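Below you'll find a set of structures to go through.
Both complexes shown next keep subunit A, but they swap its partner, so subunit B is in the first and subunit C is in the second.
And now, the complex of A and B:
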């Protein structure tokens, strides 16, 4: 598994304080060779999109466990577009009911992950998505 | 890159000899492995066998189901339902804007109003939330930390308005900010002013609401974030000692305030590890209060705690298995001597429980309490060679972790520079990798998992999407009708109190609530003086 050379922003949008998933994924991405930036808690989609542009990342991973995933993904995508970062892929992880998957993809999520997936599966999917032409 | 090979985990082999905290368990425990002199009697120092002489015979534990969602009206309805079903204490879940100090109209709050708990931003909300509920009889627990002082002030204001004497109020506010910095994340102010707010509320509560628990020092969230059973107790105790130090510095008498300190933990699946660590924790707490703080009153040496059964020990795969898990964990909590128990609903990993899943959770407690017979005699496991050996062993392990934090410079330092947070995140990562490679068995999740996802939970709970709008409308209504000059005047006084270290801030917060100032306004006022916590990000 190698994500060497990839830059990924792991972010916690909204007020949700559950950051285990975000940190576990950040550690796993780092072990897989990626350069990882973690925002810390309670960031607005606007802020996250700005950091993504400034840090010139390949992808933004959003971790959301408060049930507000649709709004927050939509907003992050909106700001990324506004700042000309439409090539930056969005992944989302957390407590996401399956029936929201389609709407989330429409809102801009390229990958949707949950806690019962194996880490190596998640990394492989991220790798595939980041290798695909934009 | 190829997709990783799908390893089929179907044969876990023999169950492991090692507990999740890393304790190697003997094949058989023998009499020479325990020291009877350490055990003592129930209700007596060092309380290995529990804090009450008669165990649960005098009084069963409190059945305290956590609930709250949407608006105050809806949550009030759910409370009335639960009380009608035999629940004996309320536990209020608040939404994230309320927990982080944002009013429902704040741009930071917009996506989260009423989602994970009820929105409570002013006295009118609080009056609706407790409408028709007898606050003089019902004990109410609030899972609230960053804004605990404000929510407690709202509760007092409701009681005042209804003419209920404050001395009659019973319940708990979590009010444990240190673990928010470590794991739960609803911090607002920097550590030092937060510690002041907590000392203020504890000292004020001891005087005004002597039957109320002004803090519940919690390990639960640290545990769910990845800490082991042993670390959960150790991290909680170091935080507790930090509060005790602060209260003593403020002139509090530990013989008095320690009677009102309580604790809160998660109970996970490893049955004996869970039971024994509570026996060990009681001993360490009593001994430290006696030896380090000179506490002589036995009531003030007692380690009183509530628990949640569930959390990270529940799985998203095959969720009905969680009903069995919660039953086992509930037994461990009782055999460990918990004073109050919350059993999680089997669908907790996905959503706010439905009425059905919430009812099964409550029934689980009733079955343990009234059918299993475990509560009949005090500490029925006391004197078991294995249980006493394990209690001693865990006590040693907890003390090692306490020493590690002390050597690092104490809890507050370890939190301010992000050491504890980093340590827990790494533990969570290790645990996840262990589960992935099958070194730890989670039935249905890694072993015995179906090829396709099995996450059907039956009924789906949906928060009414119109709720946020309704909450904001109510808020606007309050803003339009309250006496604004009165609210502003109360906030100005709060600001003055914030600037004076020697002033207790609580009476000013209660005044603000009576004047219908909002939680967001109180928090904003204090933020201007105290600033905000800057999260250290270390991985």
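And now, the complex of A and C:
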């Protein structure tokens, strides 16, 4: 598996202030060869989508612990479409109840991860999703 | 100001240039530049406060009506080739400004603190008519000398309590700086550091060339020193306009671009040599072999 040459934005939308998970994922992605752009805390979906366009990323990973995952994924997807970044994939991770998975996929999430998953599983899934044709 | 479509197009062009091999980049049509941007390079050791200061500076310029492109270079991991590009975290407000285009790049194979095809990326930004292009280096290695070739003004950041004037003298980096900033100037030791560095610079070679290198205390935290920094940059722009030969500057940039391409070509050739071949031959024979391979 290699994410060499892939550019991935790791972003923290919404109001929760914990970014250990985001940083763990960012480092793991780097160690898999990806170029990872990190936004810092408390960014709006509008801002995240703009950054994704300017940085020309292959995917945006949203780390959300606040419970507003559905709304934030939907909004990020809406802005990405508005800025013509519809080819940019969205992943979401954090505290996400399984029963929300289907709604999240409908809202635009290609991959949904939770804290009980092993990092190498997460990386393998991201690799598979990014290798698939857009 | 760039609309979303133009931003997307420029973003994709930069990706293509950053990924391009030497032959591909040479095949790119030269961009049409009608009004060259003023190029400013910020360099200095990791942790000196470059990203935060650049963020504040760019925000000020954009608020004053300037369009600014920012190229933030962060180091690639020597183990995985991946990178964490974190300059944006400290450039929040500037990066959200509609007059600002910001791009993070990885240093990848470049060992001079810049990135692959940086000269071409700068030209691509130049063709978009920005008023200023601000480049932030990785801050290690020979970044200062490389950045000097590519920008109009080099700003060197030093933070307080990082050695005395002799340390600064030894480092040999003071010679390339057009403007020196003592960052975090709200910290203890900043005033003494500033005096030390100013004392060292006073005897430097630049003075004889007719430019007095200013040493300015700036605190991004307190927001102080920025007027002085902007005044110094404007003064240097005027000085450079009057004293620098445009043809020589152009030649210096082209030489850097060639050197960058040739170094990468050389690395490819060296990688092709098998260990057995390298161990069996004399340095002189190997040298001749490499030169002939380069000429292929």
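Heads up, the rule we're going with is that the second predicted complex is superposed on the first by the 133 of 134 C-alpha atoms of A that agree within 3 Å, B and C clash if a C-alpha of one lies under 4 Å from a C-alpha of the other, contacts with A are read in each partner's own complex, and residues count from 1 in each chain.
Note that a contact is a pair of C-beta atoms (placed from the backbone, for glycine too) under 8 Å apart; a residue touches a chain by one contact, two chains touch by 3 or more.
Just so it is clear, the structure is predicted and the values come from calculations on it, not from any experiment.
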**OP:** Could you look at A:55 and tell me whether it touches subunit B, subunit C, both or neither (first, second, both, neither)?
**Re:** second
Original post:
subunit B or subunit C: which reaches more residues on subunit A?
Top reply: B
**OP:** Using the touch definition from the top, say if A:20 reaches subunit B (first), subunit C (second), both or neither.
**Re:** first
Original post:
Which partner does A:84 reach: the first (subunit B), the second (subunit C), both, or neither?
Top reply: second
Subject >> Partner chain in contact with A:38 - subunit B first, subunit C second, else both or neither >> reply: both
**OP:** Have a look at where A:5 lands relative to subunit B and subunit C in the superposition and call it first, second, both or neither.
**Re:** second
**OP:** Pick one for A:30: touches subunit B only (first), subunit C only (second), both, or neither.
**Re:** both
**OP:** Once the two structures are superposed, pull the subunit A residues common to the subunit B and subunit C interfaces.
**Re:** 26-27, 30, 36, 38-40
Original post:
Which residues of subunit A touch subunit C in their complex?
Top reply: 3-5, 7, 26-27, 29-40, 47, 50-51, 53-56, 82-85
Subject >> Contacting residues of subunit C [partner subunit A, same complex] >> reply: 4-5, 7-8, 11-12, 14-15, 19, 76-77, 79-86, 88-90, 92, 95-96, 101-104, 106
Subject >> subunit B - residues contacting subunit A, complex >> reply: 1-4, 96-97, 99-100, 102, 107-112, 115-116, 180, 183-186, 224-226, 315-317, 349-351, 425-426, 428-429, 432-433, 436, 445, 453, 455, 460, 463, 535, 537, 539
Original post:
Inside the complex, what are the residues of subunit A that reach subunit B?
Top reply: 1-2, 14-20, 23-24, 26-28, 30, 36, 38-42, 44, 66-68, 71-72, 75, 95, 97-98, 114-116, 118-121, 124, 127-128, 131
